[in-house]
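Two complexes follow with subunit A in common, the first pairing it with subunit B and the second with subunit C.
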Partner chain A sequence: MQEEYKKGILDRLADKFVYALGSFISLFKKGWKEKNKSKMEEWRLMLYALNRSPPALIGLVLVIGFIFLGIFGPHLAPWKYNYFPSLENWTVQYPAPPGTSVYLPYSHKTITYPLGSDNYGRDLLSMLLHGARTSFVISIIVIFLGVPLGIILGLIAGYHGGKIDELIMRITDMFLAFPALILAIALSAVLPQRLQMFVQSHVVLEKLTLLLFALDRREVGNLGNLLSVIFAMIIVWWPAYARITRGSTLTEKEKLYIEAARAIGLSSRTIMFKHILPNIIGPILVYITLDFGGVILMEAGLSFLGLGATPPIADWGRIVYDGIQYFPRAWWLIFYPGLLVMLVALGWNLLGDGFRDILDPKTRRSIEFKVKKSEEAESNV
Partner chain B sequence: MANLKKFLVRRLLTFIPTLIGVTLIVFVIAYVIPANPAKAWAGGEKASEEAVKQIIAEYHLDQPWYDQYWFLISGLATNSIIDPRTSNPVMGDISERFPVTFQLAIIAFVFILLLGLPLGLVSALKRNTWVDTIVRIFALIGVSTPIFWLGYLLLYIFFVKYRITDLAGVPPSPPTQIFHVPIIDSLLTGHFTIFKQHFARFWLPGFTLGFAGMGVLARFVRNSFLEAISGDYIEFLKAKGVPKLKVYRHALKNALVPIVTVLGLQFGSLLGGTPITETVFSLPGMGSYAIDAIRNLDFPAIIAITFIYAIIFVTTNLIVDILYAVIDPRVRY
Partner chain C sequence: MEPVIQVKHLKKYFPIKGLFFTKGHVKAVDDISFEIYKGETFGLVGESGCGKTTTGRTILRLIEPTAGEIIFEGKNVMKFSKEEMKEFRRKAQIMFQDPYSSLNPRQTVFDIIMEPVKFHGIEVDDPEEFVVKLLESVGLNEMHLYRYPHEFSGGQRQRIALARLMALKPQFIVLDEPTSALDVSVQANILNTLKDLQSEYGFTYLFISHDLGVVKYMSHRIGVMYLGKLVEIGPSDRIFENPLHPYTQMLLSAIPVPDPELAQELKAKRKMVKGEPPSPINPPTGCRFHPRCPFAKEICKKEEPPLVKVEENHYVACWLYAKS
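And then the complex of A and B:
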């Protein structure tokens, strides 16, 4: 049967996107677009494959939504995370259910709670929007520091072998000997005070953290707890990547092109990062995508246990932790934050699952054939 | 067989450096503990100086690191570290809570097996149909659902709305103990009322804890079964005219090898999930004990629990490796 590939709107968008990306890079590197035609073609086919997988698209939408809220959430929130209406009007029984309106006599305002309030009368919707930033920033930092650390160590261990390999892998094994959440709990329990002292003695770091998490200056005393969770999760996250990277480096370094690179005298650093890494990064990218969901889940779990973000800092897991004493009456304090965590984690997992198919060259070749055919047909007309 | 013995010896030898590594990491965790816990243990700001000094001496807090390391590790091994909060030996407190956590993990594990295996087989047999898609989505939802959220959702349904589960305390243990896991002991010794009580208390937490693992196992069973069934020997069996069910049995046997590994890993991640599950369902296990300890700055308890969890985790990995080698004679590195 002759199958024709019909381009949808998304495919045409993908064409434009890849073209624009190529032109953009060419602004900085002259002639990049002409040199990397095949690479751009590959990207285009990847996007086509993505467009044909509804679960991956749902995942993409959820993830883009999360990133959007992570960046703009605190600015979209109608109320500040540390604004306590219960200080102005204590006649209401907090936590107030969804849809309640409360008049605030001092500021002459009425606050309406679309998703309910917490026990201090804070608007849950605003807290969730602020909390999106917290978990977004934490997941970005953990992935962007923990994963490269693991990859670099894995590359070094796999490429050099011998004693270095033995040393690095024994250390990795030590960390992998703990259930991840248990190690993270222990670390984030003992670290806060030291990190607090460290942050407060480095003004730049302190300002940067406040800026990243969109916090008020008066939250300075709570940064230690927040950073301890980040630190703990980085420690927990790198060993798995060291092991994966080492494994694929071991098989990759035996290949002929690496032999050739070594023969012409390239430095081992160049070989590791410019030649081996690009060839093994595909599967690792899938893991990274899946792990964004993992980090967000673990962060929510830790703050549900009372570790990490301390009130009034808004954090999805922490809202649940503070809300359980009102369970089951104040169900909204548990339901909505948990639902958000689940949707975000699901988004990353769907996307990662989709990436696995997309990065498979077989999927791309099957599309390539059909696309070529339909494009030829189009150009003939 | 000599080969297997050699493998076992080698595997046991690598077990020792890992254990030493575990103690080292546990020590580093203990070492970065905030400057002066002694004051907090002696009773906060109002503590007398003598009491603080006595505690510092008792816990070797003023000694060099190697001395502290030795004190900690030998103390954990001989159960001589006294918990500053409860004034009991730390390991004694933990050994009371261990059966709860272990029982929870076992029940979750049974749920994973009972639901994950059949789901995986069904989706392999009905490959690329809507059944397969549903199992795939179920697996993805499973790994994306926060345990605490699922826990409260189920609590709302089964406790608040319909009261089909117990939520208070822990039922008594049967008089004769064999494995020190009440639910198994009571079943073996014939105390069915106790078994029923334990089941009523533990089935919901167990299901919650195992929820993520079911989907993972199902997907894994599906993939390894499909891989096994595409082997040449299956074609041969079919050509020979062996009935379908028998062919499946052959395939299943070969698919079992990777499944055992995944089950072992699942048990490890179940252990990691116990603190959250125990907190949600207020089960007095090791995990919730650790969380209480953190709230009270009770660091010896945190360290001891981290240590115990790591020991269990490493031991399960060891058992899985050995099982793997026993099941599949081809695996002998």
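And then the complex of A and C:
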């Protein structure tokens, strides 16, 4: 028996969303909506496939929540990450448990800790919100610099083959031969001073970094550590992408449409980026989605080991590291950041698994079939 | 008449790589020469693996030949500069066997057809109208303009591929078994479209196929290939009426006929030839057909037969007709 396909609220929402998106693009490119009916139909089916998969939806909600916190977290935080109440009122025993209120005699304010405080009396909630920005920006930079590097090298190696292939892939093997974490630790231990000097001699870069991480000017001295972790992770991240891209390129370049493109005379750059890449990007996108979680985990791991973000910069892994000495009394210092890291990594992984089904054309065809049938049934009534 | 393309002593050997050094070569195409005249269809037939497709691709330099010359409109293709090569890519095109993989699944029909046009800088007033006209000339219509390849049947895809070629107005097209992946009625349709286009625009075709009936219908002249060698070249009707080379005779006797008596006769003829074609890595000495040939003589094992003229425009490489 074929499963009946009933359009739910989400599906109707998907219809409206795709239609609105089409209309929006048509504002800039005239007639786009009419010309790209097939494309919009595919998008609609992809959204339907997403709606059929509850884990992917949960993942999507978690990821959207994380992105929201990543962008607006520092602005939502009630207190600044580098505001130390322990300097004003040292009669309280820090870390203070959740729900405690402390009066601050110098600024005449009362600070309430919904999730508890750390050993300097900083509000854990505010630190977590600031930490979301740190994780978010690091994961985006690592993915957006590391992945294209791997993809470009993989494409070149796979398409040209021969000596170029050997050269690129042997270098890739060299990087893959080291355990990722060890290599990252080594790099982030060596790099900070150099990067610190580099950042401080480039004012624009310095300002941009401070802005991206929503940091105070006085944190300039700590940027080197933060950037060294990013740099180390980019170095660790690209080889895997070079390898999967090369593999897919090898199969794709044997297809006849590539030969047709060569018969037309197109340059190898056009063939690589316009013909091969769009056809192999599906599995890579899945990989990227999964890796967002991976980067966040690894970054938390590195800062847990004391590398990367240095206090007072808020960072989830670092909060756990600093909280360990107060465990188990101050359980909240370990529990809440740990929970956040877990939820975010879980969200990206669920979404990535969902993408695998959504991007699979077979799923779309089967849904298309069911949708058509149910639409016919509706129009008959 | 002026030949559009001349192939002289073309060779293509594929190396077989061992662990450290080359172990040997697959002699896919081994010293073949022919020419194709303007407006004609030259059919290339032979069994699977005899080097037909490699010949077609080497002529277009999609595969670099090992040796030999390809003369296109009086100039050597092997010595083309970058600009001349671009011009050659516009003038000489190829149509593939498998319509399911010859179109980029991520491009709409419009993009597929416009890409070569844009690349070669061909001036078009209204791209949409231009593409619609092309689609109509191959039997598709406006409705299909912004669809993706997966929305079409095999025959329709082959038409899109054809429209892509025609957008460049090529002079010479290699048709690499363009119909063997399609069913018979669609085949006839495509073949007729190709013929119509030829009479309208004066295209020159190199038609590669293993289907003798189709080759007979399409071609003016035919070349028969066996293990990387051309064994017989002649006008289409003469090859079918008076096949000279024993291999050609064998090929023709393999065409199924509806008449049972005639079929019996042909069966007897077919039995004369035994065995499978040998490996092109280590082809037999002398005439390559001699281990399977019922008329093989002593000389066939030792010396390669030259291509000799037997009648007007009809050449054969066989010791039965040549003097040693």
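Note that the second predicted complex is superposed on the first by the 371 of 381 C-alpha atoms of A that agree within 3 Å, B and C clash if a C-alpha of one lies under 4 Å from a C-alpha of the other, contacts with A are read in each partner's own complex, and residues count from 1 in each chain.
The definition used in the following text is that a contact is a pair of C-beta atoms (placed from the backbone, for glycine too) under 8 Å apart; a residue touches a chain by one contact, two chains touch by 3 or more.
Everything quoted here is computed from the prediction, not taken from an experiment.
Legend: residue contacts after superposition of the two complexes on their common chain; A:L266 is shown touching subunit C, with no touch to subunit B. When the two structures are aligned on the shared chain, A:L191 is found in touch with subunit B, with no touch to subunit C. Of the two partner chains placed by superposition, only subunit C is touched by A:K255; subunit B is not.
Contacts of A:K35 after superposition: subunit C is touched, whereas subunit B is not reached. Applying the stated contact rule after C-alpha superposition, one finds that A:I230 touches neither subunit B nor subunit C. Once the two complexes are overlaid on the shared chain, A:H275 sits against subunit C while remaining clear of subunit B. Residue contacts after overlaying the shared chain place A:V137 against neither subunit B nor subunit C. With both complexes superposed, B is the one of subunit B and subunit C in contact with more subunit A residues.
Put simply, subunit C touches subunit A in their complex at residues 57, 60, 62, 85-86, 89-90, 93-94, 96-98, 101-106, 108, 110, 115-116, 119-120, 145-148, 150-151, 161, 164, 168.
Those residues of subunit B lying in contact with subunit A across their complex are 17-18, 21-22, 24-25, 29-30, 32-35, 137, 140-141, 143-149, 152-153, 155-156, 160, 268-269, 271-273, 275-276, 279, 290-291, 294-295, 299, 302-303, 305-306, 309-310, 313-314, 317.
The residues of subunit A lying in touch with subunit C in their complex are 34-39, 255-257, 259-266, 270, 275, 278-279, 361. Residues 55, 170-171, 173-175, 177-183, 185-187, 189-194, 293, 297, 300-301, 304-307, 317, 320, 324, 327-328, 331, 334-335, 337-339, 341-342, 345-346, 348-350, 353 of subunit A are the ones that touch subunit B when the two sit in their complex.
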